[in-house]
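Take a look at the structure set out below.
Per-chain residue numbering starts at 1, and chain names A, B, C and D are given in the order in which the chains are listed.
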Amino acid sequence: MIVAGASGFAGALAASLVHRHPRLELAAATARADAGKRLDRLYPRYRVPVELTGLNLDLAAESDAAIVAYPHGAAAEVVARFIEAGLAVVDVSADFRLHDLATYEETYGDHGAPGLLGDAVYGLPELRREEIRQARLVANPGCYPTAAILALAPLAEAGLAGDVVISAASGVSGAGRGGGDRLHFVSVDENFTPYGVDGHRHLPEIVQELEGLGGSADRVTFVPHLLPLDQGLIASCFVSSSREIGADELGGLYRDSYDEEPFVDVVDDPPGVREVRDTNLCRVHVTVDGRTGRVMAFAAIDNLWKGAAGQAIQNLNLMLGFEETEGLL
Amino acid sequence: MIVAGASGFAGALAASLVHRHPRLELAAATARADAGKRLDRLYPRYRVPVELTGLNLDLAAESDAAIVAYPHGAAAEVVARFIEAGLAVVDVSADFRLHDLATYEETYGDHGAPGLLGDAVYGLPELRREEIRQARLVANPGCYPTAAILALAPLAEAGLAGDVVISAASGVSGAGRGGGDRLHFVSVDENFTPYGVDGHRHLPEIVQELEGLGGSADRVTFVPHLLPLDQGLIASCFVSSSREIGADELGGLYRDSYDEEPFVDVVDDPPGVREVRDTNLCRVHVTVDGRTGRVMAFAAIDNLWKGAAGQAIQNLNLMLGFEETEGLL
Amino acid sequence: MIVAGASGFAGALAASLVHRHPRLELAAATARADAGKRLDRLYPRYRVPVELTGLNLDLAAESDAAIVAYPHGAAAEVVARFIEAGLAVVDVSADFRLHDLATYEETYGDHGAPGLLGDAVYGLPELRREEIRQARLVANPGCYPTAAILALAPLAEAGLAGDVVISAASGVSGAGRGGGDRLHFVSVDENFTPYGVDGHRHLPEIVQELEGLGGSADRVTFVPHLLPLDQGLIASCFVSSSREIGADELGGLYRDSYDEEPFVDVVDDPPGVREVRDTNLCRVHVTVDGRTGRVMAFAAIDNLWKGAAGQAIQNLNLMLGFEETEGLL
Amino acid sequence: MIVAGASGFAGALAASLVHRHPRLELAAATARADAGKRLDRLYPRYRVPVELTGLNLDLAAESDAAIVAYPHGAAAEVVARFIEAGLAVVDVSADFRLHDLATYEETYGDHGAPGLLGDAVYGLPELRREEIRQARLVANPGCYPTAAILALAPLAEAGLAGDVVISAASGVSGAGRGGGDRLHFVSVDENFTPYGVDGHRHLPEIVQELEGLGGSADRVTFVPHLLPLDQGLIASCFVSSSREIGADELGGLYRDSYDEEPFVDVVDDPPGVREVRDTNLCRVHVTVDGRTGRVMAFAAIDNLWKGAAGQAIQNLNLMLGFEETEGLL
């Protein structure tokens, strides 16, 4: 196993999960600016006693899988090389999430390997488990889309998720190690701010997947907020469903969707992000607003686990034929 | 001036604002369990060098105004006595906010002075400045309603706020000094949780005021979340307006409503709560979601200031004929 | 395995560690006020799917070990019953840490099973590994003593820790689930406070163990501070050593003491508590103040892990003849 | 009044305090990279409606005083120009705090205006009120020295502060707006770290001032820690006094020193930083460790107020002949 881009928050956790995984071996953890540093010096609590190296594609010859945790735009080329070398690849970046090249380019700019777009499977196991099992390239979903889609999928599949407001909030690790002034402790501490109101780049991904589940997503609005905490993300979803739906039917829909899922818990109260910190769990609560009949669905995840590195391992487990939960409990 | 209930978060700040106010004198700050303690021992940074006393209505004879910061239910009786004694009263509790007794009782239980309900003015100066000037009893709005109504009022007045989702979030001081396990540091730290999804008690207040501005509020959904911070509140509002409205018209509506307001700033970016901490400001941002045409309005306040004690002083200033901003800049 | 008192912070983590331990089985997790609740409802992220039960000593018949995480004073009796029933017991409370009954009573009040004091081994494996292996009753050290003693032991053993200032700081989980106003989120957030300056009850434990390592501890001063965070503890120790000691000798002392230790890392920079969060690690840094010759030793732990539940498992592993690190990596 | 360097944390607060000061007028607030931006956009809650300008020394002709809040090294030259132009200057940087050029250069590098060193007064009003009143150039103390010296001065004056350990902790605003990775929210959140153990640059300042009060400071050790909060600083000081001193004598010493001080409160319990947030107060608690006889003195300040901008205003008030507390209550 190679983890490429292991010096960022998601990559470092991915390296740590691989290191602890009973059936995976961390052959190399790569970085660019941090190459030469030890990973357990950058992230002591993960206790991964390896030195970060530059990316060397010879490594690929000895490995059968890779997780790529590069920034979007930079990932595609590296992914292409690994695919070419025959590796199973989970790409944690946004580069292969969108099926439509034009939408990608509009959202992120030029694409480094457009020829692979058609081969990539959107890696939300709860929706595409069988495809992931067969895939050579899995595009790991964004953190907000993971929570939003898991909150909405049962409704979307029932054709009820036409008009949706997603008011979401994430901890700071979701924004990565850079960020300058905006992510300085003093900017975030005791603060809470909506952002991306002009169209956050996770929106096209949410739209694509909701439409894939049936019906239109023309009436989907998504606004994220920045939370003064490290790890944790909630999508609070408000759905004006096209027909009246009672709490019982709703409960049935969600139970049918998720009762067998190892990482989705349908719970009786709105979940807090502490409940899932450092876990690959998604906790979902669904209810009806008595006054308006509006459906309200809440999904809480740890943005670095189920929203990034944990889900990458879940996907890898499927791709490599392992137990889906291996190394994640 | 009497501040009754000065040992809670809102009451203590009110006492501090009175103490610093150039035209008010803090004759007494009362408390129940904390009577006998010095206020500057309970809240050192407010530096109010007075001893909390039990409530003694003889005090009323020497005062001309009172702020009552009792819990809902307990406030009404005290308010009634002060009114009887001829004082101008701002009640920070919920007891006089709802005009309709049945709605109050359904939401909060028995009412201690229903006869006064008709005399109370809902104390949002931006909407009812002239009524407040004439009032003897002002019901200080709840923290969530203050932000939500200021975010939505220009739309409501234009008849455009029919279908509304209010996804709000507040710091912990909004929940008061009690709270047990739920507000223990370890429960809140690194957490973020939706709550009150079965109907938060601030909803009837929001509905009442939006309906007062014109049109129905049957399609208003309100869900609060608990933030891991002390002071600060945001209402993120999503409005499916009954007709299409462009950014320019929208900007015009909000400027017309708020350009003269000393405590409402219409700003170009979504506001964070740090921007208004320890101020009586409400910062409002309004925009249109390009894809869906949905209007999005965000209002940030400090829940203890504009959401409680600061607004109480603003109301008192109006009632007593002072400059509205006195003691609040 | 029984975990008695599994509804508190340390007990719940202990139950979780037992649940995940490859060689232990969680037969029962008991609680008093929370009996009947599910542990994964109180502490969702630990994912321990068991119901808390009242304490039933019949359970002891089927178990061979117990961790007792009761409050001090209440623990002794329960421990005695378990010992009587032949179980190996790790007591996380303070009840068996002090060898001297008079010191215990002065610090904590009456003792519920003084007859067992002589049998208890102080459970700091780095100092008493062999005794722990033979023990039936291990007194798990306090969180502050764990860090302070690990920071100071190499000096104490060399007879150099005569005059010591320990300025320590802990996250809030160290103070437990109660605490009232003092541990309300608003009291702790954005705050940092020294406390226990009249003599914190962990001091006698530190004194006892330092004296056990040789020399007097008459000149040991210990002051804790409360940090605005959940898990994490640092002991910053300042030692006026009885003779001059250079950085090289110092480094040698610490390496000799800790190079073989699985849970103590001697590191090149002062450690932050994030580095050890959710781990059983203690990171120690030692250096000399160039101006004064004073030795400065810093030890960081997670107060709930190495400072409580993690160390309890480490002790149990030793008592039961397992690999010391089992279930803790 | 000019505030030069008003885009940093201390400078921005200084500008805000000047703006609100009844006897000062903010003629210009300057910045380098942020010139052209509005100050109320960078720091909305300070509500200072001015545009930051580049430094233009013509401004000096129309002003009679300046606060310089440049980084150390860059400040000296600007200060020299203002002094030349006849202004009263408070320099918030370190450039004029040390009387000895060699010590300055060893600590900070080259000095831009060494000729002025002799004219500068160390601006701790509690120690040098009369000198400050006569000064044209006041060197505003560092944040750690302010707290440490106020905690220790009564002992030092009594010749009792020979052997001292200062274990201090500060919020992140003390480290300024830069800082890169180290001050990223995720690095600081849920963390607490000692730093500067090789000799923090505030140490020479502490030594200079303690020696100025009498006796040697050869045995002074100082170690700071970084707190996961915005504003607040505590110096916890442990003094092995050269003779035994009882609590009563100690209390007398501190009362004699501080009873008349408007901004120093001697309090009965160890102070938390929340108690002084957004105030110019220093709260000091002193006690004796019963076991060892060691004196323990704790001083809490807001590092941006009494530790920087607030104290700058206090100094200016003295220099300009105003009431010392003006604009600070």
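Heads up, the rule we're going with is that a contact is a pair of C-beta atoms (placed from the backbone, for glycine too) under 8 Å apart; a residue touches a chain by one contact, two chains touch by 3 or more.
Because the structure is a prediction, the values reported are computed rather than measured.
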When A-B is set beside B-C, which has more C-beta pairs in contact? A-B
Could you tell me which chain lies farthest from chain C when each chain's centre is the average position of its Cα atoms? B
Based only on mean CA positions, could you tell me how far chain B sits from chain C in angstrom? 46
Centroid spacing, where centroids are CA-atom means, of chain B and chain D in whole angstrom: 37
Measure off the straight-line distance from the CA centroid of chain A to the CA centroid of chain B, and report it in whole Å. 38
Listing for chain D: what residues touch at least two other chains? 187, 189-190, 228-230, 271, 274, 277
Under the definition above, what is the set of chain D residues touching chain C in their complex? 163, 165, 167, 169, 171, 187, 189-195, 197-199, 203, 218-221, 223, 225-232, 234, 236, 238, 240, 270-274, 277, 285, 287, 289-292, 294, 296, 298
Chain C partner, complex, touching residues on chain B are 9, 172-173, 177, 179, 181, 183-190, 228-230
Could you please specify the touching residues of chain C with respect to chain A in the complex? 20, 44-45, 47, 189-190, 271, 274-279, 281, 283, 329
